[in-house]
Amino acid sequence: MTEFLQHLVNGLSVGTIYALIALGYTMVYGVLKLINFAHGDVYMVGAFAGLYIARGLGVDQEPSLAKAGIVFVGSILVCAALGVAIERFAYRPLRQRARLTALITAIGVSFLLEYGFQLPPIINGEVPFPPGPTPRFFPEPFARVDYEPFGVHISNYDIVSLVVAVGFMFALQYIVYRTKFGTAMRAVSFDSSVAGLMGINVNRVIVWTFAIGSGLAAAAAILVAGSRPSINPLLGLLPGIKAFVAAVFGGIGNVQGAMVGGLILGLAEENVAGYLLSSYRDGIAFALLIIILLLRPEGLFGRVQAEKV
Amino acid sequence: MSAAAENAPKPESESTTRGWGDTCLDVKKVTMQFGGLKALSEFDLSLEPGELVGLIGPNGAGKTTAFNAITGVYAPTFGDVTVCGHRVNGQRPHQICGHGIARTFQNIRLFKELTALDNVRVACHAGRKSGFLASFLRTRGFLEDEARITKRALDYLGVMGLARVRDERAKNLPYGEQRRLEIARALATGPKILCLDEPAAGMNASEKVALMELIRKIRDDFKLAILVIEHDMRLVMGISERLVVLDHGVTIARGKPEQVRKDPKVIEAYLGDSYLEEKHIAIPAKSSESVLDAAPAPEEPPVKEVQP
Amino acid sequence: MSFSRILLRSLLPLLIGIPILWAFNGELSSSADIILMVAGINVILAVSLNVVNGFTGQFSIGHAGFMAVGAYTAAKITVATNSIEIVGLPTEVSNQVIFFIALVAGMIMAALMGLLVGMPSLRLRGDYLAIVTLGFNEIIRVIIENTEFLGQATGISGLPRRSNLIWVGVGALVTVLMARRLVGSTHGRALLAIREDEVAAEAMGVDTTGYKVRAFVISSAFAGLAGGLLVHLIQLCTPRSFTFVKSIEVVVMVVLGGMGSVTGSIVAALVLTFALEGLRDAQQYRMVMYSILLIVLMLTRPEGIFGTREIWDWLPKLRKRVSS
């Protein structure tokens, strides 16, 4: 029983992180019909942004909750800005072109971030910029405390991470389904030209979508950095792919689908790795991908798009 | 009331056939439902070779949906489609095309970067005898195939008067030629039934007259059954032997053109039941987009019949 | 035309090419040899990917996965037949025959993989192929790294250097011939039609799914050939040679050259191979420059250098002779 609960807790922990990242993929796909390959790398930038801010504030010498908060918010803002910049300079000029073109550009941006961060330093310092390929360590923003309710290992980091992640998910749910902006976003994802004709400022919706999605990715990165402090420029690769699979699983373009998909992936990974073979943990995501593409390609919550001829 | 009985849609009792063969298209009670929207309700149609039938109705009536259901782009939610004796429900469009039905598209869908010749040659692809591998080895069978396909394509280009633009990329052709190319391409699949979706859209008056002639000629030369969707009333009344009228997916009238144009349900569908009140709308008599020929001038009293 | 004349015309390019390659083989310096072979392998990769991405307009980004299938198949056969000789033939010739068998086996396995991967995914919307091929590339890597039989992460080493200018040259020649002949045939036109407008192609009687799968299978087969040739050049078969990064390198070549242009793929493959050599000292900047190149290319000239044209669109007389 304890084992089951442990896997449940771990699975939810990991799952909420996947969900936060998956939301970025799904929202961008919804409004632009673009697979934003660079999203996983925005997650990575979030981790590094947090690192630089934390070092700037001297978190490793004097950790405090206030500083942790600043690191968190600061990283979110940096990534939101990054997401907006990427959309503005790399994707927007290609709106009228074939989708393939934007897809290739997204891959280009992804590689630019991954390998750009591995370049030799331009600005020197204890952690230089670019940070280079060697792993860096995220300082502890506050002291780690471990609990063991019902025999289940859980730390205050895990609790904070879960609470914040779930809180963000609820907030996003509210925004998308209960506010004017959310309705506008959904309108744009149904038909952007008609939405524009109805008076919606499509560009603004898209910019905010990127900002929110990227911000969520940064939040996820900071939450993870507490328990997994080693970060490197390829940090976003695996979580990015997995979160993307989660988004596809739930139905790409569907916000609830991304959340559910992320949680399912997290739980599946934990349980399969825990009860069966741990070395195949990373393969679970692909197994899920194959299953959903074979059985229900539009995803759990997706709708089949009939093409108008 | 006799008018009501007259106007109720009824199965084909007056056929306009020439005795060129058995029914080649049989559409029975086809319904297309997309979620909550019924785009097409219980659509019935029967065609024999040589018939020229017009499918009309206001925008959004379900005409192109009917085409799509017949040619396999959509699988009918209910109902049956039989092409030349084969029941084709749920088959893929290329299979249905193989049974003998071809179509053009409302918004021209040519292979833009390919030449006119290549556009038509693609349609001749189904008649090939050699396989993939043979094309690598360039066997004699393959070379013969290619020669046959090219000749056939050139013939169809000639029929539509496009022989001199054979090497032009489709995207560079003027609009009228593009429309004709689409028809040539559809013809090249060797169909028994040809479905034309607004073939005259965007053409001027003289081009439309030429097109009418061409359609009749194709029907005669190739012994086809032709189904035409058109908005230009003069064109479709002039060319069709009988009409089927759709509105919101429902068949509201069918019969010979003279009957249909007088049918009040048809007039109401096109002009709305507030037509009688909207006297400030003057529909120009000679416009190629005219809905039902010349409408009376605003001052005249409401009419029950539309004068040609 | 008589059968023998047709056969002659069909094989003419090979009959001319092989002696030329034979003459050069062994005459060049070792490093020139290697660069040319790498260039040749890249030509095979770019042209074969072009069949799917360029001619058929699909988006496959997992080409390296099929390379891996071909490479490992060929490598395993070479290792297994290490001490075997074909009766009656001198050792050297026997080895060459075995090499040929290994390469062909690699192509067949890669083609089968292409069938397995392509059939379910080509039924779906365009984006999905990208997802599936990316996933496939990664899955292959994960499987290899976890399978002892395939040498796991360390791979299979000590392979004999069986690739030479002749093998790679012939491979490249056959690939280019395949692509050119395909596109100039009715089957090729069917693929182009699918690229231009899949709905219309289907309406005109083209079995779009069937043809997309065929293109995918052919493309995968030749990726397998490239893989087999590569591992017998670097004499090592590890998953590191077949990562997603390699797939993207090939995508860059195809996009740079122009999707739909065989000439473009050849030129881009050659240019990028030699440029990479020149940048050997700046290895870490290589990927950054690739990515900037990609982005700039997409923003300014997404159709690549040649677009959908071939070299003889500018030399009409040559084109008439070749296409007859």
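The first chain written gets the first letter, and so on, giving A, B and C; residue counts start at 1 in each chain.
To be clear about the criterion, contacts are C-beta pairs under 8 Å (C-beta built on N, C-alpha and C of every residue); 3 or more make two chains touch, one makes a residue touch a chain.
Computed from a predicted structure; not experimentally measured.
Of all chains present, the one whose mean CA position sits nearest the global mean of protein CA atoms is C.
Of all chains, the one whose CA centroid is most distant from that of chain A is B. Averaging Cα coordinates per chain places chain A and chain B 50 Å apart. Computed centre separation for the pair chain B/chain C is 44 angstrom, with centres defined by C-alpha atoms.
Here the CA centre of chain A is 35 Å from the CA centre of chain C.
Counting only residues that touch two or more partner chains, chain A has 309.
Within chain C, residues 199 each touch two or more of the remaining chains.
In chain B, the residues that touch at least two other chains are 73, 105.
Taken together, the chain B residues at the contact with chain C in this complex read 71, 73, 92-94, 97-98, 102-103, 105, 109-114, 118, 121-126, 128, 132, 135-140, 142-143, 145-146, 149, 185-186, 189.
Interface residues of chain C, counted against chain B in their complex, comprise 1, 3, 6, 9-10, 177-178, 181-182, 185-190, 192-193, 196-197, 199-209, 214, 218, 308.
For chain C in complex with chain A, the residues that touch the partner chain are 59, 61, 120-121, 124-128, 130-132, 134-135, 138-139, 142, 146, 199, 248, 251, 255, 284-285, 287-288, 290-295, 298-299, 302. Taken in their complex, chain A has these residues touching chain C: 33, 35, 90, 93-94, 97-105, 107-112, 114-116, 118-120, 241, 244-245, 248, 279-280, 282-283, 286, 289-290, 293-294, 297, 305, 307, 309.
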